[in-house]
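Each in structure tokens, the structures are laid out below.
The two complexes that follow have chain A in common; it is paired with chain B in the first and with chain C in the second.
Let's look at the complex of A and B:
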């Protein structure tokens, strides 16, 4: 298991009039190398959960085990936080807002230097990370502020990739990007998953959840209301729930209801559906 | 009547790298126009030019036939309400009430009158029960509704939404879409200019302007734009799901031209005997 969360509680503003329980007895496990979706409405506790995973927030109660790291509710007992953050890295929503350096390569190298790399080493790794997100030498010396939204997002993600974490948590990686930008970022994420990284993606975009994730967890009012196979989730929820079933999957369900020999577990994208349709049409 | 008229507008941040190239269009009073385009296409720059946050290199912008210049910009801005993408970047007040009041205070509206106005527009966007709440306790959709209330409270003739829904969850998005419809019913002369890359959202507007590489690549009614698949594909814009699926099925030799929705497509794919 890459991540084990046991009876996690998180309360904001504890012992004040503004006290608010954001995570209410959350338990879940995420296997190494999996691609997991984390879904739920705004305010359901998704962001609080991911911030607990790399100890940006300390659990009010309960514990988290991330491979060899342990996070409990006693701040002083949580050791090796820095190594943990190198092992499990967070790409925040709209990460391009955090760019600040005067050149792209310096920005990507910044995180590495915080982790103790020397400048020339850091710059070298930064170049590698930038190339892997599709930004070539022409971009290295440019100011991040001259780039388009999609390019800036890639610079920000390169900053995390350069650290080479084993577990990557992405909060709404495609929000605000156009179709091309989203596709580029997602094929990058897919590549990282194929390279063996564990990916946790927080998103409202159910098409992405269907297309990319194997498993997902649904949070509601700080509780996990579903944990399991993504396709099973869309198969079992009704139309009126807060989660919008992707139209592609709706069509697959309709075909199933009509008695078509469709294997709903295998539908991830339009090609999958058409392949199945073709197989019965040929008969 | 022409509300906004843009003539041969040119702009570049860096010399010889034009972002907006010879753009011209007219927007009529009371219409709802979407400007669609991918990142870097010049959409947001266009919005900044329209409210005079940036000055064009060349070309003219007329609002109600008044040329936008250094001298007229203050007067013209009074007619325009702007809502930005990130709800967190535009909250100024410590409470919802304070936030809506901010613009009114700048206009030196009397206190009693201000209360009245705030209440009216908080109701308009369905946030009247949140007036004493802190912004940090609101969801993204609620924050955007407050931002819209703040913009509406100043009685603008034009509302510009700069990707106002792109950071919201699906419920937040549909709330804002409904609110746009309601605002138009309330005030049929209100002109709405929405900058977006949500195709389903753009589909609701009267007219769509597609920007690509700083130029207008296409302009027309939503049905015209979305029936022109070649244009959409060449501009890297997403087609609404059903149209995309029909296209794919067609290329497999399955004719679903007559199917209007998912049920009718299912009927073709697996007819019940």
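Let's look at the complex of A and C:
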């Protein structure tokens, strides 16, 4: 298991009039090498959960085990936090607001240098990461503040990818990007998954959830209401207001209900469905 | 970053919360002036400071202000304490009388130095606490309305009262937002391996830069967006405006005002009395005892 969360509680503004329970007895396990989706409506506690995973927030109660690292509710007892953050890196919701260096390459290298890389080594890795998010040499020396929102997002994501963590957590990586931008980022994430990394992705886009994730967890008011295979989730839920079943999946379900021999478990994208329908027609 | 709770408005429903903000400001000014009146004899000052401390504690209990917050915010005053002590000890005033330790004919350490600096600290603590009671029981918006109300007469001389009040209320409105933003950026940088609490001087400097630049950028961006949004909705500072919530005076305000006036009047009376009758110790007069000197 890559991640084990046990009876996790998180309360914002504890013992003040603003107290708010964001996570309420959350327990879940995420196996190594899986691609996991984290969904739920706005304010359900998704961002809070992922911030607990790399000790940016310290659990109010409960514990988290990330491979060899252990996070408990005693701040002082949590050691090796820096190593943990190199092992499990988090791409923040709207990461473009964290840029500050004078050039794009320096900003990407900044994280690497914090984790102990030498400057020229870091710059080299930064170039690689930037190329992989689709930003070529022209961008290396530009100031991050004169880029568009989408380009800035790519720079910020490159900053985390360059660290090359074993577990990558993305908090709404595609929110506000155009179709191409979102596709580029997702294919990059997919590539990382194929390289054996564990991926956890928070998103509101159910098409992405269906297409990429194997498993998903649904949060509602700080509680986990579903944990299991993604296709099973879409198969079992009704048209809930928080989770909209992707149209493709609905179509597959309808076909199956009408008697077509469709294997719902294998539908991830349009091609899968077409393949199944074709082989069915041939028969 | 969320431990900056000092004087933050807490949404309760106590007596102090319900008092009109204009009234609260007036009473605060009255109390502050009373605190700052200086008496001849140290025991009088001590006695009055004690009275003020008790009053303050009562006020904080009534307003349900968290004592812990107060102590937390006072903790950061130690630097000021040392600074004042050093200044007072090394630059003695010729009127000082009570020698603590004499080095030679020209130089000595006086007890007065400690007393003077202690007295200043005490007054500062009293003022900070009182201000904290005001800000934690009054919504920032109400505070700015009250300021605007007090400055209304200045409109006659074309002083931009409304503009200043608007700027002030926007600034106050955005303090929590900026704190949240700071928190968010710190976390984002921490996940890139920045350690804000450890490391050498250069590392720390870099860490602070990585926080400040994004913060400035987003603050400037926010202000541009806000001004565009205000313009798009037809905001014009010269137009006459109406208000959603009117400030009203109630029986609570009368009680509070009477209380403030009574304290102010009492202290002022003692002050005048003290200055007319030279060298008389009020403490002695009141309790009929002599505390020496």
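We adopt the following convention: the second predicted complex is superposed on the first by the 281 of 283 C-alpha atoms of A that agree within 3 Å, B and C clash if a C-alpha of one lies under 4 Å from a C-alpha of the other, contacts with A are read in each partner's own complex, and residues count from 1 in each chain.
Going forward, contacts are C-beta pairs under 8 Å (C-beta built on N, C-alpha and C of every residue); 3 or more make two chains touch, one makes a residue touch a chain.
As the structure is a prediction and not an experimental result, all values here were calculated from the model.
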Will chain C clash with chain B on chain A after the two structures are superposed, or do they fit?
clash
Looking at the overlay, does A:258 come into contact with chain B only (first), chain C only (second), both, or neither?
first
Quick check for you: in the superposed arrangement, does A:6 touch first (chain B), second (chain C), both or neither?
neither
First (chain B), second (chain C), both or neither: which does A:128 touch?
neither
Once chain A of both complexes is superposed, is A:95 in touch with chain B (first), chain C (second), both, or neither?
second
Of chain C and chain B, partner touching more chain A residues
B
Out of 109-117, 163-171, 181-189 or 253-261, where does chain B run into chain C after the fit?
109-117
The residues of chain B that touch chain A in their complex are 13-14, 37-40, 85-86, 139-141, 163, 166-172, 197, 236-238, 241-242, 244-245, 248-249, 252, 254, 262-263, 265-266, 269-270, 272
Quick one: which bits of chain C touch chain A in the complex? Just the residue numbers, please.
2, 5, 10-12, 184-185, 187-195, 209-210, 213-214, 217-218
Using the touch definition from the top, list the residues of chain A that touch chain B in their complex.
41-43, 93-94, 146, 148-151, 175-181, 204, 242, 244, 247-248, 250-251, 254-255, 258-260, 270, 274, 277-278, 280-281
Counting only contacts in the complex, chain A reaches chain C at residues 12-13, 16-17, 51, 54, 56, 82, 85-86, 89-90, 92, 95, 97-100, 110-111, 114-115, 145, 159-160, 163
